[in-house]
Amino acid sequence: MRSTPRPHAELTATLAAALSALGLGVRRNLANWPILMGRALFYLVIMAVLSALWDKVAGQNLPGTLANVLPPGGLTLYVGATEWIMLSIAAIHLRLEDDIRFGHLEPQLLRPKPYLLQRIAEAMGDTLARLLGIAVAALVALALSGRSAPPAIAFAYVAVLGVFGGAVGVLLYTLVGLSAFWVRRVLPPYLIMQKSMFILGGLFAPISLYPDWLYQAARLTPFAANTFIAGNQMIAPSAAGFVAGLASQLVWIGIIAILIALVWRAAIAKILREGA
Amino acid sequence: MPAIITVENLRKEFRYVRRRPGFAAGLTGLFARDIQTIAAVDDISFEIAARERVAIIGPNGAGKSTTLKMLSGILEPTSGAARVLDFVPWKQRRQLAYRIGVVFGQRSQLWAELPARDSFRLLRRIYDVEAKTFEVRLAQLVERFGLGSLLEQPAQRLSLGQRMRCEIVASLLHGPALLFLDEPTIGLDITAKGAIRDFIREHAGKEGQTVVLTSHDTRDIELVCDRVIVINAGRIVVDQPTDQLRRQFLGHRLVTLRSTAPKIEISLPGVVRRVSEPHISIFEVDTRTTRVDAVLEAALALGGIEDITIEDPPMEEVVREIYAAATR
Amino acid sequence: MPALATYAANVAAAIRTSLMDRTNFTLQSVGMIVNDVFFLVLWYMFFAGFRKVGGWGLADVALLLGLIMCIVGVSGIFFGGYRDMAATILRGEIDALLTQPKAVLVRLLARESIATAWGDLIMGIWMLFTFAALSWSDAALVLAGLVCGTVVYIASAVAYASLAFWFSGARSFARDLTDFMLLFSSYPGSIYSGATRLIAYTLLPAGFVVLAPVTFLRAPSLETFFVLVASAAAYGSIAALMFQLGMRRYRRGEVSTG
């Protein structure tokens, strides 16, 4: 009789469980398609407003302003990509806050890794389903609007970078959710994280338009990996940019994952010391 | 006594779209909707005089709540007429509202997060009750219902029984002459049910209020009301004083015995055996003919009795029997 | 007036309720202030880079934002029931209100007070004072603009909520529509053209919630004042009508609640 399962078997089992959690997230969202449609509608409304703004700015082209730095066609396509990612990120921080505050964690304490991994996998599934749903709406709207679109390869780049960008976002929100172990209410850290994502991730405008010091600082943050990298391919598509962007996303995913593991370890230690 | 509630041929139909499963049915459903009509209340008529205490009972979905809603003015009938305190309820809702108190067993009038006292103060404003009168009445009701310390707690922290007492007080603050109670004892434990029944019997009697309550708990009728209207499938099946009903339909109790012997027989008049599993014997005892303790004596004399349960026949049975008797 | 006193008592109770959880209240209201400051910073950066958009400068956008924040603030504090009215209707919570003598719509509006609205109101007032390039003589005009804008805002929210009397899907959709209207109202109106402009002046009436008041404040005249008052009256009437028609359906039992 084996006293502990072989490491290889346990790893595959964990991954299998995570994969099925991911599938659950996807299926759940697709089954609830009215909600998905509502989300897509929200995307379209926000794009209607933001595109009106950026088109107007690009149209008037005032001298002495940043207007001449804008790509032809304005920033609408850029914002279309960044909002697509931003609106798809699942609210894992709320689910974690719920679990932590209402003590659903207790039964999971003996098997820490799988619990968090399951939750993240579920959230990634949610995110993927939303990315899909909103992408459909976005592409239809783009086609109907008669705007000039970038070459097809750009869409492929954006698709891949969007998925990984979404993953970065989910992991960042996971950190926010874990703060519930210490602060009880995740709203303040959530606000800080979200606003940082908006500004340093260049949600409304590419960070390349910022004053240089801010641009350089933002590039070093995971937030740029969240949204800017994908959005940038819409206005300046390039294979080199794609590869560099993807690499930086993967690096950030690794870093944030390690951070999550450390925070989780500290949290469990706290619980074992003080109780849930 | 003059009638304060008159109901004539009241009818309420609800329409719903019947959806059939399957893709093909779903498609045709887009073009030709299969609209079903059900009559929740199907041509009922009755009168209630001042100071009466009436229970409208029946199984779930019989039409009790629908009737009450029409009488309190929040639902319009499909056809028929009714007058409550000389108003047409659905036409003169606001004027009627000042004169009636309504308690919904499942919907609250109180603000959940605020102490009950705050809700009461608010209701004073809503019903335009004069401050002096209000304070006096509130103090009396608080004492009557033993609310004391409960008043300062948020309503959501109260137990169901405590909350129901507060709901009833809330409905009485404007001194209504007529009280509608929709399933007031639902979900309450024995003590709480008792408290509410006591109140209806004593307070309402003293103040001369008319009480109409709906319920599917037979004890509510037996202990509280002097008249019973039984509704089943939207129609009035029985409308009688409680005593009569008790004599006619609630005259038997069920005695269930668990025994070591696979089967026991009790041959006393008015005792009928029902079909049951081995070791369990269920007897229907006609209490007009034989008393329950006589049955117990006989059973215990046989020996080997492990467990005894004595209960009223279930409501469904009573109503079925009433209905059957009515159609005979 | 007794009706006003009743309303005031209702709202007072709602505000007391929202204050009951002090931590939550502080978090919500401060969180909203932080949120609003953030958007102000974004606009500041925008105008630093682009100076104007469609004839609107920073002061104009500050006026717009100040107005909409005050409107959302006042609406949320004193008429907070507007936000979740569709859900309230569909849960059948009107039954208890119907057995009471006062008008149902008024009770529905007064049943809740939203904590974040205080943050909006504080920010809005500060914005109007600091960035909107107004003077004290404009006070009466600002008040007129706010009152009319608030009427259109709440009337629209009530109209959206009234859809619940006909479609149970309105439970969340009504709230979405209110959010969309808010979205349209947070951007300088000069950017809207064609279809979006049509929507902004009809279905999601940002045009009458904030744009008309801004126009009125920058160029007060009998004409702009008339637009203000007429839009408030029109939207108010439409909302009242829709609610009445919806209530009729409700009282006939044609609305499925649960």
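Brief remarks on what is shown
Think of it as A, B and C in the order they're written, each chain with its own count starting at 1.
Everything that follows uses one rule, which is that contacts are C-beta pairs under 8 Å (C-beta built on N, C-alpha and C of every residue); 3 or more make two chains touch, one makes a residue touch a chain.
Everything quoted here is computed from the prediction, not taken from an experiment.
Centrality by C-alpha centroid: the chain sitting nearest the overall protein C-alpha mean is C.
The chain with its Cα centroid farthest from the Cα centroid of chain C is B. Averaging Cα coordinates per chain places chain A and chain B 55 Å apart.
Centre-to-centre, using mean CA coordinates, chain A is 31 Å away from chain C. Work out the mean CA point of chain B and of chain C, and you get 43 Å between them. By the touch rule above, chain A contacts chain C in their complex via residues 34-35, 38, 41-42, 45-46, 48-49, 52-53, 55-57, 60, 62, 64-67, 185, 187-188, 191, 195, 198-199, 204-205, 209-210. Contact residues of chain B toward chain C in the complex are 12, 14-16, 66, 69, 72-76, 90, 93-95, 97-98, 100, 102, 104, 107-109, 111, 113-114, 118-119, 121-123, 125-128, 154. Within the complex formed with chain A, the residues of chain C that make contact are 23-24, 27-28, 31, 34-35, 38, 41-42, 45-46, 49-54, 169, 172-173, 176, 179-180, 183-184, 187-188, 190-193, 196. Every residue of chain C that touches chain B in the complex is listed here, in rising order: 2, 5-6, 9-10, 13, 16-17, 20, 92-93, 95-96, 98-102, 251-254, 256.
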